[in-house]
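Across the two complexes that follow, chain A remains constant while its partner is chain B and subsequently chain C.
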Partner chain A sequence: MAIGVKKVDRPEVGASYLRATLKGMALTFKHLVRPVTVAQQYPEEKYELAPRMRGTHRMAVHEDGRAKCVACGLCPTICPANCIKLIPAEDENGERYAAVYEIDEFRCIFCGYCQEVCPVEAIHLGVHYEAAEYSRERFVYDLERLCAQDHPFTQLWDPEDPASE
Partner chain B sequence: MGPLSTTAFIISAVAKVLVIFVGWLIVVAGVTLAERKIAAWIQDRSGPNRVGPWGIFQPIADGIKNFAKEEHIPGGASRWLFFLAPIISMFPAFVVIAVIPVAAPLPTPWGLVEVIVADLPIGFLFVMALASLGVYGLTLGGWASNSKYSFLGGVRASAQMISYEVALGLSLVPIFMLAGNVTLPEIVRQQQDALWYVLPLMVGFLFFSVSYFAETNRGPFDMPEAESELVYGFHTEYSAMRMAMFYLAEYANMVTASALMATFFFGGWDIPFWAGDNIGVAADGSIIGATPAWWVTLLTFASFAAKTAFFILVFIWVRWTIPRFRYDQVMALGWKVLIPLLVVYIAVLGGAMLALEAAGIEFGVRYALSLAGINLVLLLLIMFWLDRSRIVLGGAWRQARPQQARSRG
Partner chain C sequence: MDSESKLINLTIDGTEVSVPEGTTILKAAERLGIVIPRYCWHPGLSAPAQCRMCLVEVEGWPKPQPACVQQVQDGMVVNTDCVEARKARRGVIEFLLLNHPLDCPICDAAGQCMLQDYAHETGQLRRRAVEAKVVLGRDHVTPEIVYFADRCILCTRCVRFMDEIAQEPVLQVINRGHKGYIDTMTDELFEHPFSMNIVDVCPVGALVNEDFLFKARSWDLDQTASICPGCSQGCNVALGTKENRVVRLKPRFNPEVNSYWMCDHGRREVVRWGAGMRAEVPLVREAERLVPADWARALDATVEALRGVEGGAKAIVDPGASNESLYIVRRLMDQVGFDGGSFRVSSGPQQVLKGFPKLALREDRAANASGAEALGYGRVDDIYGAVRSHRGVLFVLEEGLDDAPEDFADGSALFVYIGSVLSPAARKADIVLPSPSFAEMDGTFTNFEGRVQRFTQGLRPPGLARPIWMSGSVVLARLGGGEPFTSAAAAFAALAEEFTAFSGLSYEKIGLTGAVSAAAESGATAS
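Let's turn to the complex of A and B:
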């Protein structure tokens, strides 16, 4: 046996039903009068999320509100799910910026490669999971929406143990 | 206080119908919540707690939901029967309560009012007759749905309910032997004079509760529903309020069964060790025993409600403890265990009663206690001698009965 199979030695002939049932009822009664409730009252109580939890994206912004993204194209290249759409553009100073930056959160597999590969630490995953929407279209996050997210950034390593010791 | 005049009788009858039936409906709604809550606590969950404080308005939310949902009729269904089946199953469940006395007689300026909707002289026979009507709703619902699961559920329901009706009827024979009467108020009064029938008829109570569990299709006997095998059986194809009506019927049956258990075996509205509620009414309307008062009526009603609530709790508790029987187990328990045992029990009890009467013991506490002794012996025999793979065969039936196992494949 590859996995531990517990073979219970049950009495096969002469087993009781009524007495065994009463025993079972005593057990359930114990739980009835003193329930061991571990249930979480979800919308009021929420989980403490780990700092490295990988959730929906968030774009880092400069102090003046512009996205930090320089449209280098690394994130759509590395994305294994091909969920990032990036169209680069240049402004009058010759600086590149993302004219279109969209992430399809339905296609995303939340691997976090985009965050790892980003040279300017612009795109991040976020510590966030309540992403429900009323339509499928709303799950394609555009640049404005990515910048507007305010949940914490996902940490690439544990802040208390950066070297993974 | 003499008997009621015709006008007062009609007014009191209408008032009783309204109060008792509306109260009953509220209780049934409450029981749906109680079931969910108790099930949750037994399983270490919280249960419904969103609608109102501790979820007490959950039945209202359920009702609104069920009214708002789409009523779907499957293709090929027999529309008329499909429409009729939930009504047929609800009707008997709610009518049976008419013969159950819920409190001591209430004194009013116009006379003494019995707190019972209909004091039928046929009493329990009426209960039995309506309980057997309940099977039509289930069977017709299963038949009319044009679905194999519903059909199987309906067939199971009819087979099971017919089988256990025999046991149910037989398990009440000892009560009639003891009480010599079939009307429920009379049975309650006799229990006030002597002992609650649960003592002299312990084994009868055990059999009665088992057969009534089967009759209400609950607990370990929910074969007609069997969600894991038959996808909810007879009401697979039902939706919205029609499905809710089947559920209401089930819960109403459960409340009725609890009330009957309290009435037949636990003294109905009797308050134990207190003579103040022993109110009898003679044929000419004069009062025997204690003086009726409105607070006595209230107290006795509380006593009845507490007993009924306890049995409702037992119903729910058993349902969430005991796994469902296999179908052959249900049939074997009904025909091969309950009915023969009940026949033997009736014979033993009848012999004992003859012997007691020959010994010159009048019906009363001593009489009841002697019967209780006999019952205790029988109960111990059942628990420790019969209950060795002889009552319900588990997975071991192949080892226990190799001959049968071969013939059944």
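Let's turn to the complex of A and C:
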């Protein structure tokens, strides 16, 4: 046999399985009296996530609730997945703001470039992974939703040493 | 270049170059491909040497010299990138950035800003000043131009444009030092038909056009070489397009036509482009109703209709149509008997740019009236009167027909509408052949002095719209007029053979700066 088939010795007909069964039952019994707690009771218990975990986005807001975004257009420019849609406009004070700001979380590859490039530290990735929804449309996060997210911001760098010096 | 002027030999950055006497170091360096940083120097304006950005080291000279005004001397050894020159530049940038708000993220000039470029290139990493920045705010200088005083570096390019080129010295530097800003001497805003050029000359984002403010980032724009369709001057422009829309027009340098400038009228026209109900599919009249058809059927119907028709052909054309489109319609008319074509031109007062009198906003507010005339169409006031009693074929090319009387085409045996906009009057046509609008195709315009200039496609046309040189030449071929054209260049080549005003010209010869045909030129000198 050129391809080297391994021949397995099957137990003969009539051989006893008793010994193997008892061995297995013994292990079961051991776990019954002294359980090993490796299983996590998700969703009651949640993982402790690393501060650098890169999950769904969150927009930082000013104290009055306005998004910090100044609509500079750097995040849609740098986004490798092309998942950010931004339409800038002028507000009543003559300031530039994002009239439309949408992130398609399906397209997003969670690289964190948007957070890194943001000059005003507005858009952030979040330490968050439970993004399930009932419809596909809900995965396009608009500005209102991004501002309403309340999970912690991802830390792409050490806040003690932002320039890695 | 004057052949008699003496040549000067000098060395710039280790390379020897000879330039005519009187050349500045900056110009001499440009010959070697060395771009010396500059703010206040603009090729179309005088050189005040006040920004001090172009300081270069001249070996043996005690102090760095401003390259934009320092003339070359024999045996000069210039270093543009040595320690001393870089130090001088870094110092200048540090001063310029003292009160600069560094608001690049929201500044329209970001990405095309010379301050940004040079600060990255030679500036310091950190600000040393500890004082608070002076905040001056922003204001309008004209109804359409916003001035951000904080971003201004007081290079006075705008001031000099108004002084030297517009020759209406309304702008001034008010105050001095860190309190300095640009303004008019009165509280009133100024208005000038060429005012928006101050936005173009501004090397930073201090002067911005309100129409464009916050619309797009400069790196998002695709640039297309084109011709401004606003008047018969035919200024060379670059279309800035984004998401299949033209958002900005910038003048493109052409010393023969518009230098570095263009008028405000042309820029304002941008927003009007592509407005109205667009013709997207060919329409053919069947049993009193216009029904959508594919091109094969529409062309079949056109050929069929043109074969049997009698009574000659008349046309109403738009003087904004390209030479190629006008030519194809002319050829179609010749097939059934040319009986005259007419066009009307909207007009306005002529406004000459005093500092560059070749350039003016012309009376004819259409790009190609000369081309239409050269191709045998006549300028009339009442375009409908000429066709009212017509019994043959009526072609309408691009003309909007906004004010057409109800019955203007009722008498004609066949009404073919070729255009980009479908007005109610155009819906009376028997056949509608949709064509792209000006920015959506290649073509040429002939400007007021007979200069033929090319424009290129910057946008995708909607739906099934096809340029008439493409669809019309298929009809022509089937009516026995030779092969269909495969490009606008081929259509132009055929046109150049047939009409003397274009003889000797081709797309290659015209290039992106335009050309005057030999016939037109000799005619102009004779008259």
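Heads up, the rule we're going with is that the second predicted complex is superposed on the first by the 120 of 165 C-alpha atoms of A that agree within 3 Å, B and C clash if a C-alpha of one lies under 4 Å from a C-alpha of the other, contacts with A are read in each partner's own complex, and residues count from 1 in each chain.
Just so it is clear, a residue touches a chain if its C-beta (ideal position, glycine included) is under 8 Å from a C-beta of that chain, and two chains touch if they have at least 3 such contacts.
Since this is a predicted model, take the numbers as computed values, not measurements.
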Worksheet item: Does chain B (first) or chain C (second) touch A:Arg96, or do both, or does neither?
Response: second
Practice prompt. Give one of first, second, both or neither to describe whether A:Tyr17 is in contact with chain B, with chain C, with both, or with none.
Written response: first
Worksheet item: Once the shared chain is lined up, is A:Ala71 touching chain B (first), chain C (second), both, or neither of them?
Response: second
Discussion item. Taking the superposition on A as described, I'd like to know which of chain B and chain C A:Thr28 touches: first, second, both or neither.
Written reply: first
Discussion item. Touch test for A:Thr37: chain B only (first), chain C only (second), both, or neither?
Written reply: first
Discussion item. With both complexes overlaid on chain A, does A:Met53 touch chain B (first), chain C (second), both or neither?
Written reply: neither
Item to complete: Check the residue A:Val140 against both partner chains and state whether it touches chain B (first), chain C (second), both, or neither.
Response: neither
Fill in: chain B or chain C, by number of chain A residues touched
B
Worksheet item: Same chain A residues contacting chain B and chain C, which ones?
Response: none
Item to complete: Can you check the complex and tell me which residues of chain A touch chain B?
Response: 10-19, 21, 24-25, 27-29, 31-32, 35-39, 41
Worksheet item: Touching chain C in the complex: which residues of chain A?
Response: 70-74, 77, 88-90, 94-96, 119-120
Discussion item. Per the contact definition, I'd like the list of chain C residues that touch chain A in the complex.
Written reply: 104-106, 110, 138, 213-215, 217, 219-220
Item to complete: Show which residues of chain B lie in contact with chain A when the two form their complex.
Response: 38, 40-46, 49, 317-318, 320-322, 382-384, 387-389, 391-392, 394-396, 399-400
